[in-house]
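Here subunit A shows up in two complexes: once beside subunit B, once beside subunit C.
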Partner chain A sequence: MGANVTTEDQVEPKRRWQDVDLRAVAPFVALALLLLLGAMVNSNFISLNNLANVATRSAFIALIAVGATFVISSGDLDLSVGSMVAFVASLMILFMNSNAIADPGMMIAAAMLLALIVGALCGLANGLITTVGKIEPFIATLGTMGIYRGLTTWLSQGGAITLQSAEQQDLYRPAYFGVILGVPVPIIVVLAVTSVAAFVLYRMRYGRHVVAVGSNPNVARYSGIKVDRVRTTAFVIQGVCVAIAVMLYVPRLGSTSATTGILWELQAITAVVIGGTALKGGASRVWGTICGAFILELVGNIMLLSNFISEYLIGAIQGAIIIIAMLVQRSLVRKS
Partner chain B sequence: MRKGLLSLVTVAAMAMGSTAGFAEDKAYTIGVSIPAADHGWTSGVVFHANRVAEVLMAQHPGLNIIVKTSPDPASQANALQDLETQGIDALVILPSDPDPLVNSIKEIKSKGTFVTIVDRAPSVNDDSVRDLYIAGNNYSLGETAGNYIKATTPDAEVVVIRGLPIPIDQTRQDGFDKAIEGSGVKVLDRQFGNWNRDDAFKVMQDYLTKFPKIDVVWCQDDDMAVGVLQAIEQSGRTDIQYVVAGAGSKDMIKKVMDGDKMIPVDVLYPPAMVGTALEMTVANLYGQVPMRGTFTLDATLITKDNASAYYFPDSPF
Partner chain C sequence: MESEPKGSGDIVVSARDDVASATHEDSQIMPATRGDIVLSAQRISKSFNGVQVLFSVDFDLRRGEIHALMGENGAGKSTLVKVLSGFEQPTSGEIFLDGKPVKLPPNGAAEALGIVVIHQEFNLAEHLTVTESLFLGREVAHFGLLDRKFMRRETRRVLDMLGSHISETAVIGSLTVADKQMVEIAKAISRDARIVFMDEPTAVLSRGETEALFKQVRKLRDLGTSFVFVSHKLDEVTELSDRVTVLRDGQWVKTAPTAMLDGESIAQLMVGRELSSLYPQKSEPNVDETRVLSVVGLNTAHVRDAHFDLRKGEILGFSGMIGSGRTELMEAIAGLYPRVSGEVRIGNALMPAGDIQATAAAGLAYMTKDRKSKGLLLGSDMTSNLTLQSLDQHGRWGYLSPASERKALARARRRFDIRVRDASVVAGRMSGGNQQKLLLAKVMEITPKILIIDEPTRGIDVGTKQQIYHFIAALAREGCSVIVVSSEMPEIIGLCTRIVVMRAGRIVGVLEGDEINEQEIMRYSAGLKQKAVA
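Moving on, here comes the complex of A and B:
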């Protein structure tokens, strides 16, 4: 829209429908259908409390998936994010337990800063191994996935790493359980992070470079884009997003174990793809991504609230619903 | 000279088996093969294997215990071979997956080594595979929890969080169902929490949405209890009277000791059973007492009174 809206009366109705990017809207249509389904299954489902619970718990995957949107748009893949969550969170808790700073508030602030730095460094490692080492991202991050997971298991000696100081715990708890103007803090964080990510992707030069590199790295290179730097930066952004997710994760259970974050990488990738970003790179839809993360969490929630689905079948039905959601998307896109 | 004498004694001890003489002078080597610490319970196994090994070696100067951890069945088979090469008189094994390891275990047993299997039994579990079997009691873990709930809150409405869809979990459910059969205890729902804190948190949140009134949560596992407690606290609901978990992690036992209202009891499925196995194996070597057979541990109900006996603050689990 914009430039030639002068002939508004005749052209506008037709135009408006075609101008809407259906691929971008599709995940929200799927979401609406799911909400409808949920409301039919259990009357408690549509309660604000339940939806807020589900949105809040989808925050981790949503935040990680925002980072994954960058990596996937630039044509790469990061399998290490689940292990990275466990590793960064473990270091953060160990640091908080060290009581290096007497004031608990300052201690938490320092620990959050540490998480950010460690997350960024983990992402940088992934990026450098992929670009400088010229190793397929699938293999490179499969390797670091093992490394981060192994380091976590070693740090915890296979057991759990638990936040000890009750004072710190009480002070930090609101970061996950708190509410601002009726909205849970994690939801606000997700919206803020996604807004920044959307600004970077759609309004800044870097965002266009990401998509250019993802759709065709050679063309991007000949156009003077520093391809390796763009890709590495995407991995660093992923690391930072993981760190932000960790900052919300630690106050929830105040504890990590060797099984923290297992298979979260697959959930993040699924959220990105449900959201309309192509797995082969070259297109990014970051708002769709968080919608995808919400859908994933909703599916589990609906299954559990229903009274007629055997607990043994939940996995199968989750898989089917994800595929149906994708098909709904496709059919909408074809119509356009 | 000393060395020569020592090896002479070793040779003599090996030749004579456990028949003769000066108990403390006999030199024996026990190999311990356990899974690597990959979650809370196995990390407890590693801790207790090392702890009990130290105690036993201090008691018996001639005794040498080698503890090896392996992440999967294939590497555990390799570890068994390594132990065999080093020459062991007895093997204590907690198999990561028993059936694929049966042949390796039989191979060692065929050399006359005393074999003790812990916790996970192969489908053929007789004296062709092992001499001694130390078992935890999954059925009783469910039964003990069920009996406690039945006795404490006869008309409780209970939500159950299961582990993973595998036989261990089913056995625990069967024990629980048997215990509450015919009583006023009613199970509202059962869902899988995958023995994982985060998943248990989600399941519990959804239970709280789904049911306006819940009396008791049975989540059979201490790790999952962490997530359950957090979800209950967040909801601000006061109808849930208590949570029954299981295993015996230090965090939950501490709560029982401290008289936490939400965790009044815990049901024991102790990683320390590897220590039981070591003690009995040593008793077989040094004590000249019959030790062949099956020894099944109770799933003891841990209450405030006996909790300190099961509390290991230094353990990772």
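Moving on, here comes the complex of A and C:
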């Protein structure tokens, strides 16, 4: 082996550097650069307070994107998440307004449970339509996107659905505005959910199955994996993540409307892609996803704090980011 | 341009290898076209991410010769082929084309210089038709309009030349591995190349297809085309090649005229030690040994009325032409392919159709022959591949213990002699033979009672072949029953105590004892003989 010492000497030091998976690191490098840029634009930006604020606001997208990481890693796509947020939120508020349970605490707990169930069922519907119905996930969830949105519009009669009981509102507010040990509750929720997701993806059998199905469904099938079940479960997980996002969303405004969550699917998918998860499945990077969601919100924040770009351009910038992220990902793939 | 090698009419006696030409008494024209060196490589080294796989290798290729490149799995043959065809750039060393130093353009652009490669990994776009693949990048058009008819005719001509029945309008994705390989070959041959690299082109081909290919190769060689031929089939190499170069562990070991070597000596050079008998002692199971698998009246899309049983500790062979339905039958038994009717029993338990989980739970494991698209996750590391089918063993309640998986990998690498220079390499970057060993290891992780192996030694070197044969025999002695599906006659004859021959979806014969020989199997599989099967 050591027959050719000279050439080996030359390559040895390079190795460490190349061993690092660039795609896994890229989002964090981008985040560091953005923080630097933000600090130059406005000195308030880098303050802990501002950053905590940004992180709190990115919580909804982050939570949804964690679910999207599962769906995308298994080779599918869910476009219905934005409408699902609106649908689950309106059912949740309608239920709370029904006063079916007298005790407000119990009521909130029951409503949260309801949200989880509805979210899971919505995800299950998406999953079954794609797997049992054998419809492209893109089309299947485009369909349910219309359905969930339409149902919301009908429930709200085109207007808003608002939480009526002040008692409930006061009790529920801390779920979004509360602070535990100096950390806003939404940040804690995001970190907890992501930790669980990372554990499932990297340390559990199901995570291995997700990656196998996403990178080659044939190999998965030949290995005795129930491909359809794995895909459907990923959609259900997505639904549950949406429900958790809704649980934070409702106490924030105490209200929802037919336009809630519009284009959130774009943001969630963007966060996943920025995070380094491959869109054609096979590699899942859930911490990268969180980083991606934070980056998206940061960009908006920087635009707000700077005076030279109109904040009305946020959508356009976010659209550009997803394209750039894809290009960067592809060039990194080629290199490694 | 003036350095354009001496025209093919010149006789270049000085550079000719006398021994090599002496071996081909039949080819009078050859001395005229052979001789001068077309492509040569000096002190080629290649590293991937700091792991060196080629160590200062020298290689030269003459006009009109077939140069075999031999070596164990992972010796660096494919890597050398890629370096010499521009698909990889050498870390150091020089390449000369017609005596002039060149830097070969990447990604197959070397085709413009007359260098084409038939890759070990298929390089075909799955959604194109056969004709489209053949003419990819050089479509024939008049005033911007594609001349489809001409291209189809041309494709047909090349395929006929190779004796292949593939339809020129078939979509690549629908073809079997063997057919894909034929398309790859047709593609290379149709490109008027000066230098053709063939990396294990015959690994998936039947004898007939191989012969048709060799006929074309010889014809082109006599016209002055040079070939580099990689294969693990020693008989093919001694039959076809003019010279042999042997690599071992990334180092050049020897280049010699084929006439001076025989299969045995090549094998020895490859592994660096003497090889004992290739096949293990056969041990027949008792006649009254319990039946572990019985198949009754099984029908699938192509397979008709299959009956057979398998006894405990038996090694049963399945022979037949490519397309005779062996794989379909095995996949139907394993629950991977839909059944139309019929029964499959493991022990006494009736297996539900199309349920691989049930058959696996009953102790049956199936190893696919299509390791690239059905066997391994090419983008995942060895561990994820190894344990994919047996994750339940590595923790409870769905949790996976990394330590337990690491142990499994270490065990499998020892047991199957999986050699990689870098343990974190993804499966797609491993050498073909080592991928095959990893696949076998993966299947064996579920400790099956019945093992069905489809083409067990595809792309595996002689030394490892021997290991695998002995491994199969040892399994059988321990009471595991093995079905070996193989297109390699010697392998099936050397291993099995009973051989089922299939033809056109039907079982046409079952051979035992003295009946087991090449002629007899051929007679059945060619349809010259048939006997009622109980």
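Everything that follows uses one rule, which is that the second predicted complex is superposed on the first by the 289 of 336 C-alpha atoms of A that agree within 3 Å, B and C clash if a C-alpha of one lies under 4 Å from a C-alpha of the other, contacts with A are read in each partner's own complex, and residues count from 1 in each chain.
Basically, contacts are C-beta pairs under 8 Å (C-beta built on N, C-alpha and C of every residue); 3 or more make two chains touch, one makes a residue touch a chain.
Values in this document were obtained by computation on a predicted structure and should not be read as measured data.
Visitor: Looking at A:R221 after the superposition, I want to know if it touches subunit B, subunit C, both of them or none. Which is it: first, second, both, neither?
Guide: second
Visitor: Tell me the contact category for A:A283 with respect to subunit B and subunit C: first, second, both or neither.
Guide: second
Visitor: For A:Y206, select first, second, both or neither according to whether it touches subunit B, subunit C, the two together, or no partner.
Guide: The second partner, subunit C, only.
Visitor: With the two structures laid over each other on chain A, which partner does A:S165 touch: subunit B (first), subunit C (second), both, or neither?
Guide: Neither partner.
Visitor: Could you tell me if A:N97 is touching subunit B, subunit C, both of them or neither one (first, second, both, neither)?
Guide: In the superposition, A:N97 touches no partner, neither subunit B nor subunit C.
Visitor: Looking at the overlay, does A:S257 come into contact with subunit B only (first), subunit C only (second), both, or neither?
Guide: Touch status of A:S257: first partner only.
Visitor: When the two structures are overlaid on chain A, which partner does A:Q318 contact: first (subunit B), second (subunit C), both, or neither?
Guide: neither
Visitor: Could you pull out which subunit C residues touch subunit A in their complex?
Guide: Contacts found on subunit C: 45, 47, 49-52, 55-56, 91-92, 249, 251, 336, 356-357, 360, 366, 368, 373-380, 384, 387-389, 391-392, 395, 398-400, 402, 442.
Visitor: Which residues of subunit A touch subunit C in the complex?
Guide: Against subunit C, the touching part of subunit A is residues 1, 3-4, 7-8, 11-12, 14-15, 18-19, 203-206, 208-209, 211-212, 215-216, 218-226, 282-283.
Visitor: Using the touch definition up top, name the residues of subunit B that touch subunit A in the complex.
Guide: 36-40, 42-44, 46-47, 162, 165, 190-192, 196-198, 201-203, 205-207, 209-210, 223, 226-227, 230, 234, 249, 251, 315-317
Visitor: If you look only at subunit A, which of its residues touch subunit B in the complex?
Guide: It is residues 42, 44-45, 47, 49-50, 53, 57, 153, 156-160, 162, 177, 252-253, 255, 257-260, 262, 300-301, 304-305, 311-312, 314 of subunit A that touch subunit B.
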